């Protein structure tokens, strides 16, 4: 299959950047989207043009590195997958594909399609942990029974891979789904209760300081989330935040 | 007398670790704040080590090439983590975990290390639960376990299909706490380019900021390498695209011995290569072999017709199928260990019976399981004479309940419905048991340079059991290294900060810069991937699932020639002063091109078959691995002396005082 | 509590609370207006009470005005902040693929409703103020029905404008009413029922207003 690609090129954070058009040929439906990008880059290198920079690593949908806005949607038109799991059979011969970086003020472009998502790290530095020493003097794991439903909900919140698709999909570039998933994972467990108030306040403050937008409950984040992180987490974050603000 | 001193403590095996902890030197809390430690790699081993060292009071700097520590490839581990908790009351114990691991490793691991691993395994689970890792639980609220390949007890803790991510997020959260306290500085998108030795001790690293291209000097009193395995030397593997051997190889070239490089695990159930341009292989859980039957066509003409797309697997009659594992290993059938299953698949494909467009795949068929489950279901729900469609429907539901998410993943990738047509699978490189040689304290042969996790030659011998990689990474990082490193650092409390202005740093930085410049000073003919793919093909064809003297010798020559061609003709685009993925890849492939040769040499020198290392010359009459305990009961530790092929072999003899050496059989 | 008003979540909660308050007002306003269709005398009676009662006029009315002003001012502030959160916009943004139009365009439906409020004040509130405080007419408890009907009788354009604005109010409520519960942290087993109720409210009340306007228009042809 033959495709027309419209790819965002930007030398560095200071560069204004713009689109370049490239044609690629010989694309097979069984190839992943990133393998299609490999073909493009191989062609570019052979022509002596700098290849397109993009983030990727595990290529099996779990590391959360890949981050392309494909035809106006994060991770492309398919659902519950990351870009590396998107296969070219979702496209037709002759299609034009617009490829942009995830866009948010809090995610500045580093080069081409590579963005800086360290804002997510800083939100987690602010409180994404339980203050327990790693000394090995902890109590036996089974001395803290946890209701299966809570353990499962905590797990589902914790499946977030931190890719940033929620921010990219949100018309407001809000990071509420990400932050709520991180807060929920700990809020649902007894181990995390002790410092729950402090955690939620610190993480929300950091989220705001990073310049993400406000949540307006459009639900786009959930639709585009490769792991299907539920909107219930955002409600829980709101609840936790309100109770922390009122009672502490 | 060998130069290798394993420093295994005296005494009975179950007392060694406690005794050692009691006797080693400690650094007092006030002095720890004057000591800096560099940790390279932030997966389970590096992340947990960094967090614990920082918590103890050391100043830690972490380095990872990813944009966040949380993305290290430990994240991709699916199955689970072993621990001898014996929560199921099925007779598990530290000894049994120790025994299973040594036996699974085909008696090529160090007893004392493995026992310690088993000993601290329970603590890992306690630690992770306290940190909020959401392990799977039963309705009573207690932790759930499942059983994994090759053992007789249920000791595997898990978090659905993403135990690796959950454990890594746990270690990362412990890191976050220390970052927030100011005890860890985390350098993301940084790659270690070289190790710096001052007076023979590891005193820092040269790193490249992958965003700005800047070459930086970082000093410390000790350097911990937790940079993972080198499976990507095969180009196609289940490793992440960026996984590389650079940190370990640079240390090797500076004096750290490289142990057992040829011990590689090849996992039998991966989704096969679909085309020339494939970049990455995806693992399918081993659990599928519980219900799937593995086969290829019995007649070559059928296999050819399938490859040409003229015939469908479902059209091949039962009597025209070769269930080769059931044929060769009637006792274990489809459930033979990983290495055996992988080799058997390769044998069939090499003989021309492979399926898929490429001929490099075998079928994993669930039709029999669907019918069996369907009949059972129909019977238990009271259907006396169910029609065929009903059986199939019920059977598919039962299979979906067990493997639904795996089937879905398979369909996403291959666009084939595995309920209706057999899955296709093929073995893929998955894990490397070999790595930097370390003593009982996890220190390499360079003083002050430590290796943890998959980066060291580890506790897995010649073959790793499922769910043991996560255990080892966290054991090293949380519970072993933070203690043992104090023994070394106790002598450094008066050293003071290490200057980066010394001649040694100067030289190392210059070497790194020259090396980058050399990559640009070539004729610029072929892209980096061209070399990586070629290297991968040599490795796979000649150093893969089965090896022989002739091909290993050829491999060494071919790799050498390829390496020379690389340095003459590789084409690296872009500038060294910006983000440049091609340059990053070039540096990594350059190291793989050296490691590959040592790998082949190691395989050539080991004249026996054990675990993942199968030498065709050393097999029993019916084609099984033939171990040679008399002559090869040792760890091969290679010293770099200027060229991979000239590497000098040092042997660490392995003593088995607590376990009797036996032959594995699966007939 | 310090600093709470400055965070994104606090602003959203304030937005939700003011919105919910306006929803209550809307329900009340509709109930009164609907009596104009059924019984002009009841309508006059209630209108007279509302227009002359001290509590309603001196306390509730200022609160309502404050609520309205706060809601739209905050709406603009949030919208500006949200636009800033993506300083470089996408060349291609397929928002329709993952969120409904009503959710993505609250600012548009809000502006139409705000513009309508201007018209509505011009039609009723300002004349009412003039009637009461400028021209100081004597108290007439029976004037309300006729005044109301007169606005629509023989004026298809005004009737049409009202209908148009209420369609946008419906769009605004279709997202806003349900969304306010999520913002308040309500997402549990009752959420399904809440969702149905808020959607029904969002359709029935604005369409009811449209019906009232059209009823009076046709009733006086």
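The chains carry the letters A, B and C, assigned in the order they are written, with residues numbered from 1 in each.
FYI, contacts are C-beta pairs under 8 Å (C-beta built on N, C-alpha and C of every residue); 3 or more make two chains touch, one makes a residue touch a chain.
Small disclaimer: the values here were computed from a predicted structure and weren't measured.
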item: Overall pattern in which the protein chains touch one another (line/ring/star/complete/other); value: line
item: Chain closest to the assembly centre - both centres taken as Cα means; value: A
item: Where subunit A and subunit C are represented by their mean Cα positions, the distance between them in whole Å; value: 37
item: Subunit A-subunit B separation of Cα centroids, rounded to whole Å; value: 26
item: Between subunit C and subunit B, distance of the C-alpha-averaged centres to the nearest whole Å; value: 62
item: Complex interface listing, subunit A residues touching subunit C; value: 6, 8, 19, 69, 71-73, 77, 98, 100, 103-106, 109, 169, 171-174, 176, 204-205, 207-208, 211-220, 223-224, 231-232, 234-242, 245-246
item: Subunit B contact footprint on subunit A (complex, rising order); value: 11-12, 28-32, 34-35, 38-39, 42, 44-46, 48-51, 53, 55-60, 62-65, 81, 84-85, 87, 89, 110-111, 114, 116-118, 120-121, 124-136, 138-142, 144-148, 151-152, 154-155, 158-159, 161-162, 185-186, 189, 191-192
item: Residues on subunit C engaged by subunit A in the complex (per definition of touch); value: 1, 4, 6-13, 78, 81-82, 84-95, 97-100, 103-104, 106, 175, 179, 182-187
item: In the complex with subunit A, residue positions of subunit B that touch it; value: 48, 51-52, 55, 66-71, 73, 75-76, 85, 87, 120, 123, 125-132, 134-143, 159-160, 162, 164-166, 169, 172-174, 176-177, 179-180, 186, 188, 211, 238, 240-242, 274-275, 277-280, 282-283, 412-415, 478-479, 527, 529, 571, 573-574, 578-582
